[in-house]
Amino acid sequence: MATSAKKNPIDTIFSLVTAAASLTVIILIIAILFELFRESSPAMDRFGVWKFLSSTDWNPVKESFGALTNIYGTVLTTLLSLVMAIPVAMGIAIFVTEVSPNFLKGPIGIGIELLAAIPSIIYGMWGLFTLSPIMSGYIEPFLKKILEGVPIVGVLFQGTPMGIDILTASIILSIMIIPFTASISRDSFNLTPAVVKESAYAIGATKWEVVKDVVMPYSKLGVFGGIVLSLGRALGETMAVAFVLGNNHRITTSLFDAAATITVTLANEFAEADKDIYLSSLFYLALVLFMMSFITLAIAKFFLLKAERKYSR
Amino acid sequence: MKVFLKMVFVLAVVLSFTSVNAAETLNGAGASFPYPVYSAWAFDYNKVAGVQLNYQSIGSGGGIKQITARTVDFGASDAPLTTEELNKDGLLQFPAVMGGVVPVVAIPGVKEGQLRLDSDAICKIYLGDIKHWDDSKIKSLNPGLNLAHDEITVVHRSDGSGTTAIFTTYLSELCPDWKDKVGAGTSVKWPVGIGGKGNEGVANYTKRTPNSIGYVEFAYAEQNKLAYVLLKNPAGNFVEPNFKTFEDAAATANFDPKKHFHLWLVNAPGKNAWPIAGATFILLAKEKTDSNKKVVAFYDWAFKNGDKKANELVYVPLPASLKDKIRAYWKANGLQ
Amino acid sequence: MTRERWRKAEGFFALLLSTLAAFLGLFWLIFILGDVLVHGVKALNLGLFVNDPVPPGVEGGGLRNAFTGQLLITFSATLIGVPIGVLGGTFLAEYARGHRIARLISVLADIMVSVPSIVIGTFIYAILVKPIGHFNGWAGAVALSIIMIPVVLRTTEDMLSLVPWTLREAAFALGAPYYTVITQVVYRGAATGILTGILLSIARVAGETAPLLFTSFNNAFFSVDMKQPVASLTVTIFQYAMGPYENWHQQAWAASFVITLFILLITIAGRLIIKWRYK
């Protein structure tokens, strides 16, 4: 690094100012963790860690709180949305990198980005007013009719389709995360060196075989990182789900039932928790969510960094 | 450098904006039960006194919580607090208006005032024991109605609600089963159903879900043309929710200023009384003397000028004798 | 069927599926945007921007306070978040380049980008609402700025790193101190990239609802006082959409349309700037 003969005072000031600015990131994360811990300590003292995480009680009247119903809802909607989103996102990535003619690549890319830019409250509104009636009027009765009797799978389709339930919420979530997964997958696919693909073509592989056996294995670290990143995003989604989830604190096996996620519980009950232990339990939930998303992102980062290192070899 | 100066200038403009003497703002939050009438009163009061009374409907639980945390100037709750609770948090309480909680249904073909239910039927529906509209219990109460074997979707509140408190107090008083399994309160562990946020949310979900049943403050049923239900009251009559039956329920009420007006109006004994009536209360923090005087000034104005508006929205204004008791309470507590 | 025919068929089928997937993605986009467009335009009228809300049951009314409030909060958040983000990114790309702390902060910033926004809302409630004694617009602005800072920081860092080191060396050779090199040379070179990052972060927070729910709260009246609750478009959309009144629903659609249009325009502008500059 170049240095001048004597230290310029303005330089020192500027470097300190910028250093302070960048330190806000560390300070904020520590502050958030500190506050969350502090506010949830009454609940932590009362309920402990394991008991809170495994209790299905959410009873403001009897002042007994447990996170399991919320965690269950969060995990179920997130996993379901991933299951629905990943195939579509991969399909889009494959299309954009391998199948589509060049002139289409730009517009479709922009289209996917626009999908990502739509604010989550719009998804929520659309879900409540447009998707939910379609679900309760056509799709859910149809699914119920053909799948209700099937053993094992049928258990997911019991009860009256109301449109305001886990299935609708998961579908909306999946639409929201498609763009993330698709664009990271596309970027990972594009990093496959042309040489490797060309050698495969040279020995007579079809396009699909190149995708299946060359591109995808090569980029699997990046793609996996992208999937975990989308998982993290879906975990923290509030507004898109708040409209159509139904807010019922219980563990249920039917996709046609209402449920609760951590984010929606926070949105609905935070401003109203009137007893101290109630508010503290909500902060405890927020802490649990923060931990879950932190861990998920750390895992995603790990894979993405590994992929980066591999590709820049 | 130039850009930096420009930004500073803009920042200065924005900041000057915010210290411009904005119109006087009073912040209140709480029950969605009286939201239609409070916001109507605030709208008119703003024209008369220039004060912006910003009332946010977040549920009675929210009202209690926010005034306890002193993040608003007044809280509103349909669930009255007891003297111990008020003393613990340094709060004062008085009623503002009365109304009725009404079960509403969205059954295809059933219009308002057609379906008859009693407390036993409602209990069982909300407990999940009665699951279909053509259940024998419901049929026996409604011999003239053709009810199909449709599954009932129960709608309740997802937030902390005084309306829920009134409704569950009504159920607990008459159904030992409900009292045992669920109990009464602003936020209970509902055995079945989907939760809507606020009276608004319950009205919304009930409206768009066929074969559903919900409970809302009557103004919401009226404004959204929801089909209300006839209930059997303790005197044995099936009554319709309207101004007269609410008034009848309120007529027997004896509010005691010494108990800070704590009173439930459910299961009132009158012949034509609506069984799920309730008053809604304003909560003030004792030490906020300045803002308390302004809040009281608003409610004083509403007591003098707001009865007509309340009637229009089918709320029962407090009787003159009660208003006098409240004014005496204000004077005794340094609020006026 | 011969092995070759089978492979060809399998390939065709698989690629057909991927094409369908792409069109499914586009289908959702068009469906959702189309819905917002149709419902929103129907309810759009001048009164929406000029009038303030009226109580349920009264005719007319608009969302003037919500539009103003949204602009005020977003603008304030930008004023707080962008300078911190840009300066922070500068530190990581310049003074701390290559050091371990830069790596650490970079990774932490990435993680912060995905912290659920509602958790940030609860955090700000604990430090900026409860101690002050009432909800206020500044709390909402700070909550949004916390979401913006890591985004702007990372884009700035990335864009500054793209500027070739030789450019800096040339400036040093002329005797310029480092801060002059940064402000006069490097910033100029990375300006469009940084601008895009800023635009995208604005697009991101302009549509946020959860962090505002218990910070800036909501206000039924027109107010520009940031020390009190401020109405915002997103929270109002939430409130109106969950309510039962038909005209509330219409206003919610119109507001959704305006916000979506605003955000999409900013996003497209950001992308176009990059494309034009780095062609």
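Lettered A, B and C in written order, each chain numbered from 1.
Operating definition for what follows: a contact is a pair of C-beta atoms (placed from the backbone, for glycine too) under 8 Å apart; a residue touches a chain by one contact, two chains touch by 3 or more.
The shown structure was predicted, so the numbers you read here are calculated from the model rather than taken from an experiment.
Colleague: Have a look at which chains touch which and call the overall pattern line, ring, star, complete or other.
Modeller: Chain contacts: complete, every pair touches.
Colleague: Any chance you could check whether B-C or A-C wins on number of contacting C-beta pairs?
Modeller: A-C
Colleague: Would you mind checking which chain's C-alpha centre is most distant from the centre of chain A?
Modeller: Computed centres place B farthest from chain A.
Colleague: Could you give the separation in Å between the centres of chain B and chain C, each centre being the mean of its C-alpha atoms?
Modeller: Centre separation, chain B to chain C: 37 Å.
Colleague: With chain centres taken as the means of their Cα atoms, state the distance from chain A to chain C in Å.
Modeller: Using C-alpha averages as centres, the distance is 17 Å.
Colleague: Of all the residues in chain B, which ones touch at least 2 other chains?
Modeller: Counting only residues that touch two or more other chains, chain B contributes 29, 196-197.
Colleague: Counting only residues that touch at least two other chains, what does the list for chain A look like?
Modeller: As it turns out, chain A has residues touching two or more other chains at 271.
Colleague: Could you check chain C for residues that touch two or more other chains and list them?
Modeller: Counting only residues that touch two or more other chains, chain C contributes 83, 242.
Colleague: Quick one: in the complex, what on chain B touches chain A?
Modeller: These residues of chain B touch chain A: 29, 58-59, 61-62, 64-66, 68, 151, 153, 158-160, 183-190, 193-197, 205, 208-209, 211.
Colleague: Quick one: in the complex, what on chain C touches chain B?
Modeller: 54-58, 72, 75-76, 79, 83, 129-130, 133-135, 137, 217-221, 223-229, 239, 242-245
Colleague: Under the definition above, what is the set of chain C residues touching chain A in their complex?
Modeller: So the residues of chain C in touch with chain A come to 7-8, 10-12, 14-15, 17-22, 24-26, 28-29, 32-33, 35-36, 39, 83-92, 94-96, 104-105, 107-112, 114-123, 125-127, 146, 149-150, 153, 168-169, 172, 175, 177-179, 182, 203, 206-210, 213-214, 234, 237-238, 241-242, 249, 252-253, 256, 259-260, 263-264, 267-268, 271.
Colleague: Can you check the complex and tell me which residues of chain B touch chain C?
Modeller: 7, 10-11, 14, 17-18, 20, 22-23, 25, 27, 29, 35-36, 39-40, 42-43, 46, 52, 54-56, 69-73, 196-198, 200-201, 203-204, 207, 220, 223-224, 313
Colleague: Looking at the complex, which residues from chain A come into contact with chain C?
Modeller: Residues 2, 4, 8, 10-11, 14-15, 17-19, 21-26, 28-29, 31-32, 35-36, 38-39, 87-92, 94-96, 98-100, 108, 110-115, 117-126, 128-130, 175, 178-179, 182, 206-209, 211-212, 229, 232-233, 235-239, 242-243, 263, 266-267, 270-271, 282-283, 286, 289-290, 293-294, 297-298, 301 of chain A touch chain C in their complex.
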